[in-house]
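After the structure tokens below, expect a handful of questions from me.
Letters A, B and C mark the chains in the order given here, with residues in each chain numbered from 1 onward.
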Amino acid sequence: MAVQTDRLSSQSTTVDATRQARSGGVGVPRSLSRALVYLVLLIVVLLMVAPFYFLVSGSLMDRGEMFKIPPHLYPANPIWDNFRTIFTDYNFATYLKNSVIVSGAQTAGVLFFSSLAGFVFAKRRFPGRDWLFIFVLITAAMPSGQTTIIPFYLLMSKLGWINTFWPLIIPWWAPPLSIFLMRQYIANGIPDELIDASRLDGTGLFGTYLRIVLPLSIPGLVVVGIMQFVAIWNDFLYGLLVLKSDDMRTATLAIAVLSQRSQAATLYGPLFAGIVVVTLPPIILYFIFQRRLTSGLLAGSIRG
Amino acid sequence: MSSVFVQPSAPYRPPSRWQAFRRVLKEHWQDYLFISPFFILFAVFFAYPIFWALQLSFQKWDGVTDPTWVGLDNYRFVLRDPITRQMFYNTFRFLILIVPLGIMLPLVLGVLLNLSFLRFRGIFRTLIFIPTVSSLVGIGIVWKLLFGAANGWLNAVLSHVGLGPYKWLKDAHLAQVPIVTLALWGSIGFTTLIVLGGLQAIDEDIYDAAKIDGASPFSQFWQITLPLLRPIVVFLLITTTIMVMTLFSQPYIVTEGGPSNQPLTPLLHIYRIGVGSTGAARIGDASALTFILSIVMITVVVMQFLITRRRESD
Amino acid sequence: MKNTRVSRRRMLASSAGLGAAAMIGGRGALAAPSSPARRPRSEFQEEITLDVFVHANHPFDMIKPIYEAMYPNVTLNMMEQNDVAILRAALAAGEGVPDIFWPEIEMVQELGKTGILLDVTDIVEANADVLSPGKTAECFIPSTDKYAAFPGDIATVGLYYRQDKLDEAGVTIPDSWTWDEFLEAGKQIKEATGAASLVIPSGGTSTSAHLFTFLLCQLGGAITNADGTEITFDNDLGIQAMEQAARLYQADIHIDEEPFEENYFAEIAAGNVAITPQAVWYRGFGIAPNAIDEQGGLGQWRTALLPSAGEGSLRTANLGGAAIASTTYTEHPEEVKNFMTLAMATMEGAEAGGQWGIQPPYLPYLESDTWTSVRDEAFGEFSFNSVWTQAVAEYPATWYKQPVYLEALTTIGAGIIPLLDGSTDITEGLTAMGDQVREINTRYQ
């Protein structure tokens, strides 16, 4: 899971000066200040990971053990059956499949439309470009979701999209933040000369996008793609609103419903197991793409 | 390093509007076509519901029968309502708590992760990033059990070092903690990586020069690193501000607006009085609040944007 | 998770009856209730599906097989969807509206005024003799002069207590006692066992106001008047109730947790709860799932009426209790009405719901052995339902739940702790809250 050898480590000699000045100048022994850095990072990492520990630990408990006072910090007798239950007693295989369809279809659209718009905003000059781009950014600060539930539902109803996946896919194909990130990435990551050369060869604008911009913006696309996939994977507000039948539910929505059930009944173990199962795919995806994702982010999508 | 944001171009002065329009269209139709998906989707799926909501903010509507036009009555009511004041005060407090932490923590972590002697850099980076990809629905339940009083895991851990027990979810001051930590926990991985990206773009020669001048590590950070990271800090400032002003899930899951409405956020209140609770269908009031919130948010974000830009050009 | 919370609140939003208290005693001789009209079975009968919005694990799950056996051409589609926001969106759009749902009373009152709910006056009146009058009255909309929903569960409130803890402390619950005597007993129990006798979350959510609402209800007060035009909880009865609540709070015999959330469940399971005043449905919701071993009081749980709050006080209160409703959008009003009648006004339906853990409004069932012989491991051989039958006899006639109800509870909950702990003058504090709610209530007129 580690990336010990990525090229970025070798770049990071940048603060050598800082380090040397600190260890020499202030008079703190070098080893002590280094130990301090490791200690701080270790504490931070522990804090970031601890909730997952409790999540997994809870997924192996039954209700009685989960509610012990004082609490059990680890399961005395791990109940692995919780993980079987969510697939046999609940439709989790279907839910996960639905999540993959929805997240995949939405992400594919986002990648296409935001890189296309990002390319145009980054490399093309045309009247109104900057104001249009600022408008795109401002829409990121506009409220939606909880505040426009009824109008959104009415619209979906008029389009005949109730109990389909469309409301979870199409409206989200061009999110402002993704366009912003793609614009930044393409502006900084792809030299103008390449694009000009392609244009001089007589390639059309879309052809240039396909042949030059798309292949060269893969690191940016990975960042946007992962963030988008994760965002839709974890959303359930709109799913709750428009998906009516059980076999249409996404995994996160199923968790929301399962947790609703569990207050009265006794299913905290399976609920936690379900949360583990729902949390895993984004984490796996992150591990698969993490080298590209980190290098994409580190390559400075946000850099000016 | 140029600005995060593009400079607006100089006003375009055509000889004849119609002629110029046709020429622009002929030359640039593809450009407009390629950015049009955003504008079409925005117009249909967001602007339309938002304008609908704008209309509702001038009406009294129960969600079923025909709405009646009440002019500015909804705005008048919600602006006088003490809960509105409380809500904006709460948001202001969350801004004070979360925004500085949301900027400082990634900066500190980014600098630490960028230290050249650091080993296991990849592992640290990976583990810090993981919360970013996890689901709030699921983790919210964990959070509630983490912060429980008698059965809470956090109190159990703290008791080993002789602290607590604390009533994290009940005390008006402590209850900020679960919400702030949940918000930060879910966002720091992403922001840290962005800071790290910015740090690695800084040319090390600058530090060498500073070293020769005898600058201390801290003054190097203040005088070199931070100014060079300005665009990133601006980005963090604006995104964290938007996150705080639209805070909903965290207080909803963890304390549901308690204790005593202290963490009640605008979106939570809007949801509650508009559509989310039984008996209450003050859809007009909720819509009015939505627009007051939008105006405040856009004002704040544009102000942050303008202030940070002006400083830059100084 | 989000939506969980909404539905949970809805479930818990306390409710009460408009009608007169039911005189159970005299009901035994009543004729058997009219069964829902059975359709002649025919091969040509149309296949019908009714969409039902309920939360998962609902009493209707137990009534569904009985209904479908009786009406083979009808299928109930249980949608595990009980979010108010979604119902509102569906109603506004006229699409995705359920045929049957299970709204709280303030929701019945709110939607009933708009005329969108299916008029069920005919079946309510036809079954009036066998239904709890108090519960029935809750479903009546004065402005339209119609019943907009069919009576659902009666959520009377009593004490759940643990016999073993009380024995350990040497406390016995007398047939008749006051809250002040309860307070002394609570102190004794706490001293002897360390266990609590009340639950008052100091978080300032609407549940922080529950004890106050129990006392107010017992004294015959209410949050609003009958038609919701006036706010009444800050009158003399309100002051009396708040003073009692403050004495109970200051006795320090409570646990500071949300009674419907995991952290309080843990306290029950750990044996830190000796007594807790809760509604009928709390047995299945909070007691039974957590009383799974000796520590949690397996077999030791009992029920009792509430202590008296003073002269003429009722011995019960109201917390929750929904109704069955449909809308004018339904294409199968007859099938819907058949379901309502079966579920809440026949022996079979009432039994199924009663087994699940609600208290149906069907009086013959509430007097029957079937009801009183329901057992639960957490309660051993104790007949907890007998207590609820007594409580139904005192079901409050004046606990009005108008649309402003939940916002009123939220407002009271947010400001109640300074009144309870004595740091704010009760009369002044209550009046201030009353004025705040009065201001909000102008939006509901």
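We adopt the following convention: contacts are C-beta pairs under 8 Å (C-beta built on N, C-alpha and C of every residue); 3 or more make two chains touch, one makes a residue touch a chain.
Remember, it's a predicted structure, so these values are computed and weren't measured experimentally.
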Count of contact steps on the shortest path from chain B to chain C: 1
Higher-contact pair (C-beta pairs counted), A-C versus A-B: A-B
Geometric centre distance via CA averages, chain C-chain A, whole Å: 42
Euclidean distance of C-alpha centroids - chain A vs chain B, Å: 16
Touching two or more other chains - residue numbers and ranges from chain C: 1-2, 85, 88-89, 92, 261-262, 266-267, 270, 272
Numbers and ranges of chain A residues touching at least 2 other chains: 67-69, 71, 149-150, 152, 154, 236, 255-256, 259
Overlap residues in chain B, where contacts from two or more other chains coincide: 63, 136-138, 141, 145, 148, 150-152, 271, 275-276
Touching residues on chain B, where the partner in the complex is chain A: 1-9, 12, 24, 27-28, 30-32, 34-35, 37-39, 41-42, 44-46, 48-50, 52-53, 56, 63, 109, 111-118, 120-139, 141-143, 145-146, 148, 150-153, 156-157, 159, 185, 188-190, 193-194, 196-204, 207-208, 210-211, 215-217, 220-221, 231-232, 235, 242, 246, 248, 267, 270-271, 274-276, 283, 286-287, 290, 293-294, 297-298, 301-302
Residue ranges of chain B touching chain C (in the complex, touch as defined): 62-65, 77, 81-82, 136-138, 140-141, 144-145, 148-152, 167, 169-172, 175, 249, 252-253, 255-262, 271-273, 275-282, 285
Sites on chain C touched by chain B in the complex: 1-2, 5-6, 9-10, 13, 84-85, 88-89, 91-92, 103-104, 106-107, 109-111, 113-116, 201-205, 208, 256-258, 261-263, 266-267, 270, 272, 401-407, 410, 413-415, 417, 436, 439-440, 442-444
In the complex, chain A residues that touch chain B: 1-4, 6, 8-9, 11-22, 25-26, 34, 37, 40-41, 44-45, 47-49, 51-52, 54-55, 58, 66-71, 73, 113, 116-117, 119-121, 124-134, 136-152, 154-155, 170-171, 173-174, 176, 179, 184, 204-206, 209, 226-227, 230, 233-234, 236, 252, 255-256, 259, 271-272, 274-275, 278-279, 282-283, 285-287, 290, 294, 297-304
Of all residues in chain A, those that touch chain C in their complex: 63-64, 67-69, 71, 149-150, 152-154, 157-158, 162-163, 236-237, 240-241, 244-246, 255-261, 263-266, 268
